[in-house]
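One structure, pasted below without further comment.
Per-chain numbering from 1; labels A, B and C assigned in written order.
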Amino acid sequence: MVEQKAVDTYLPVLLLLIVGILFASLSFVASGLLAPRKKPTAAKLAPYECGIVPDREPPTRFPVRFYLVAMIFIIFDIEIVFMYPFAVVFRQLHTFGLVEVLTFSVTIFVALLFLVSNGALSWGPAKILTKGMPSRTSDSTIVRISAATSTEQAA
Amino acid sequence: MLHAAYLIIAFPLLGSLLLMTFGRRLGEPVAGWLGTAAITASFVVAVVVFFGVLHAHQTDCIPGLLCQGSPIAPGSLLNDQFVQHLFNWVNVGGFHANVDLLVDPLSITMCLFITGISAMIHLYSIAYMHGEEDFTKFFIYLNLFVTSMLILVLGGNLLLTFIGWEGVGVCSYWLVSYYFQKDSAASAGKKAFIYNRVGDVGFLLAIFILYSQLHTVSYVEIFQRAGHLSPLWATMAVLALVLAASGKSAQIPLFNWLPDAMEGPTPVSALIHAATMVTAGVYLLCRLHGVVNLSSTGQGVICGVGLATAFVAATVATSQSDIKKGLAFSTVSQIGFMVLAVGTKNYEAAIFLMVAHAFFKALLFLGSGSVIHALDGEQEMVRMGGLRKVLPWTFGTFMIGWLAIAGVPPFAGFFAKGSVLDGVFAKSPVLWALALLTALLTAYYMSRLFYLTFTGEERFTAVGPNGEPGIEHPHESPWHMRFPLVVLAILSAAGGAIDLPWVHTWGLDTFLNPVFLTTTPAATNSGSTQLFLAIADAVVAVAGIGLAWVLWRGKAARPELTPAFLKRVWFWDDAYDAVIGRPATALSKAAAIVDDEVIDGAVLGTATLVRRGADQLRKAQDGYVRTYALSIAAGMAAFLIYLVTRVFS
Amino acid sequence: MNPITVPSISYFTMAPMLVLFVGSVLLMAAASLLRHRLPEVVSTATSVLLGLGALVVSILQWDHLIRHGSSSTVAGALVLDGFSVFVNITVSCAVILTALVAHDYLARLKFDSAEFHILALLSASGALIMGAANDLVVVFLGLEILSIALYVLVALNRKNEKSAEGALKYFVLGGFSSAVFVYGIALTYGATGSTNLAKMGTYLSANVVHRPGLLLAGIGLLAVGFCFKIAAVPFHMWTPDVYEGAPTPVTGFMAAVAKVGGFVAFLRVFETAFSTQQSTWAPLLYTVALLTTFIGATSAIAQHNVKRMLAYSSINHAGFILLGVVVLTKAGFAGSLYYLFTYSVMAIGTFALLGVLGGARDEDHDLTSYRGLAKRRPGVALSLALLLLAQAGMPFTTGFLAKFGVIEATVAHGEIPLALLAMVSATISAVAYLRVGIVMYATHDVPTPVSDGSSFKDRAEGSLLLEVEPVATTHEVPVAPTTGLAIGICLAVTFYFGIAPGALLDFARQAAQLLR
């Protein structure tokens, strides 16, 4: 009997698995059925189907700050994941829950503060490089961006 | 007064430490004087302690002190023994050994003559070692030697005695090899050390046997429990002790290191290889008399060893051409007499002869040293002769020594040897006859030595047989060499007084009696027998002297009387070389191959293996994360595979 | 809806970790809110004070523990017992010592000192959580707090490629092993119905598991996770790269704190939850311990970089500490705890010296640069030689008693072959330590065989000890007072408790007895 019950509890998982496999395979099948049956040409495979044909690989480098921001976002994203269930049982948890969540939030907030103070969210060149640079003009911006690029490369 | 006993050891130890630290700065002769002063202080303390023991002897118990005999009635075995506990030494499991000093008539007698003669010889050495490069070192060794010897004598247990025993051994080695630049001195030192080591095995075996049977190494407890020894173990212990004694005291079969040990400076020969260290074996047997008494077989062996050694060495001594070697064999022979006395349970006589011998043999050696000193290091008697006029002091004192060792009444040797022979006669007249023959030989070879050195024509002025230049003006020694000679001459002449045979109320015999508690064998001889024996001794001594006079008067060499067989010590060394030396060398060479190939191979092989392994491991560590992850995965797989086998097992 | 029961929380139990954690958050806030960089002195002082605070609280906990016995809190997820207090005290000491060591180092290499201290404090609080965790999930939590902070600490030296490389390797492999560990938690939860160690233990002792596959697989995976953390063979391969790449004070901190946290959690999980299955998993850990001691020792002697050598030596030490887990007796626990404390102190001291000797940029860790050190810097050379000898197990140091303790426990448990082989490995590892000593003390007049960078075995027989090239002297970094103080404390502890070990041994024994 116990065995039977265990299987019961795992049934949804099994079903999900089956559905997942079915979905993936059916997608391929559908795509095969629905897609136009033409051999791709070189022009079709080009990154841009129109405009100037690029004579070199498009630049793939971009500042690592994108990742940084993404990572910081994830932290707060996950914070929200905790916030929702907390909000649901907020009343039952009373003060205890509030204190715990505040502690949690404060910690993460202080971390954010630290990141901001270290320039994690400031675009453009790192703090060290901005020192001694001319005030912002169109010329200086170009200098700044190139400086930023060089620091990224150096990093 | 008895509490000062530790000072007897402390002074020489302090002396050697001071010399080690400041010796080089003090230099000659201050270092020598410091050494002498240390020993003299030790002697003074020994005298004080001696009076303490004497007082206790008379009052039968020592007030306020640990009287070992207190639970036992006065006059019993443990009377007159005072144990000074210095500190706990070894206390492991059931094994206890403390640093205790055992002060009793026996040990204090030894201390007295050891420190006394050592002081004399230190004084003598200041002049004798004059100008030596390692003057300070000599006195360091000498002081260390005295320290060790006193530890040996005063040690309250076998272990402490063993420390002293090894200490004197190593000091002897250093001093024999003192002129280590000389090949012969270096190898003589090694020979002495190795022979002694063989003897040490005997000592260790004796300690093991006694500890395993009696569960103690302390003398006092051994005496109390000796009765528990089974006859077999008693005999084994005695045989082990005989081996020990034969090593240190140069007895058959380990006697032939002593003549070679004469390579050391003459004061060393006098002190270590005549008066003190070589008597350690006899002392050990006397100290453990309680064990020796239990085994009649053991006593028989001791008698045999002693008599054989005395006889063989005496015959060899008749053919030596080197003055010091002649004296060395005479030492061996005399110690043979002492061992013989131990074998007849006549311990008091053994000690008496030991003391008397220490006086006259030290005197003879110092005398020969004086001769050698005068002749710029010449030791061959062929190149002496006629020194009577040149060295009057030496001549006079040496003559007393000669008469004493020959056994002419009333010198010390007569009484000492007489009391030994009395005991032997009481045990067996046959042994006595052999011993008497040896006594005759003693008188003969000593007279030969004396005539060759001091009488006849002056051969030293001529060119030597090997082309050595003649010695023009030999001179008498300075006062610090003559003074010890005179003192020792007086002692040799009058030393017999410490134990006259017809006095039974005082003297060495009575003093030692509480230690040994044996009925004096001489007492079994009736008065008339004793008189006969005394006359026999005296006649033999005079006969030996006369025989030598007839044979050697005015002669320098008589090859027909000194055959190679005797010169080469009955081919004893050659036999050892053939039976032990060569096979052992061959075996060692074979073993060396095993060492080089097998053992070194295994060691280096292991090292190489480890290194190769390390090398492989380094290669495995290639720096790629994928490899590391693979390693983790492989480990995990191994874990899981193992656990799967556990599930299905 | 059922009302949620709020678990009772004993803040006293959590006090040391709260001190470190809150302290680090405050330090972080201060560092962010100030206009200028926080002065080094301030962050070091904060770190030291927090360490001292945690130490004081831990000592109060010990006192409480002795008088009232062990207790649990937060619904049995955290405990206050001998192990946890032992970890609290050891890690607090490590925090203080590391802060002292790092002070000068951070200034010299121009690191952001606040960052280092924040991370170190966080990491230490993770170790404390691991030490007190009585629930697999909390163990995991502690493990991750400990590890993630360490990943960043390892990467702190941004000017050094090896630092980044080590950090990345550590991170990737650490993530891998964490996944394995979590899977282990899941499987054991499936088998026993709880993640609480005490409940798991009760369940397993009350029920006979008929189909132990799930449980055993879970135990195996948990063991893999722990073995990774403590660098046991074959999960050790990250260790040399990470130890070498990390800034040297961080290496010392890792060797101390990460090992303490990992080992105590390992001990607790396998004692509280899985002691009933000992006959099953003991052979596994037996093999691992053996491999760890041997491969650690053997690899150590082949290293030319002293930091790498010490990394392997730490693997060897881990094998010894693992013996206490294998035997799973009180004596074994006491031995392991004692070993952990003493090794932590020795490791921090040794790496502190290495940090000084590494030169201005912390790069000269090749054995060749140690040549003739005894003449150039006798004090430093002597201290290093002493600490290395202590690690080798020289009598009159804690290193000797540590080895003695675990070996004694192993022998008492009847695993005589294991004990013997471990001792053999100790002999092998001694070569590695002595080699450093000889290089330091054998001065220039030692003939140097020409090294063409060829492999090890091509060189002359017996040249293991001397195969070092002439020294290229760089300008020397003086020993700063704080670093000197830390090294002095390490030496003093190592020798004081080596000669008079009573107090520390009693501490370890009682801590082992007071396991909840």
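Definition applied: a contact is a pair of C-beta atoms (placed from the backbone, for glycine too) under 8 Å apart; a residue touches a chain by one contact, two chains touch by 3 or more.
Predicted model, so just to flag it, every value in this text is computed and none were measured.
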Pair of chains joined by more contacts [C-beta pairs], A-C or B-C: B-C
Chain whose Cα centroid lies nearest the overall Cα centroid: C
Chain whose average C-alpha position is farthest from chain C's own: B
Chain centre separation (chain A, chain B; CA means) in Å: 96
Chain centre separation (chain B, chain C; CA means) in Å: 62
Between chain C and chain A, distance of the C-alpha-averaged centres to the nearest whole Å: 35
Residue list for chain C, restricted to those that touch at least two other chains: none
Chain B residues touching chain C - in the complex, by the definition given at the top: 604, 607-608, 610-615, 617-618, 621, 623, 625, 627-629, 631-632, 634-636, 638-640, 642-644, 646-647
Chain C residues within the chain B interface of the complex: 168-169, 172-173, 176-177, 180, 211-213, 216-217, 219-221, 223-224, 227-228, 233-235, 237-238, 240-241, 280-281, 283-284, 295, 298-299, 301-302, 428, 455-457, 461-462, 464
Touch list for chain C against partner chain A, complex: 1, 3-4, 6, 25, 28-29, 31-33, 118, 158
For the chain A and chain C complex, residues of the former touching the latter: 89, 92-94, 96-97, 106-107, 110-111, 113-114, 116-118, 155
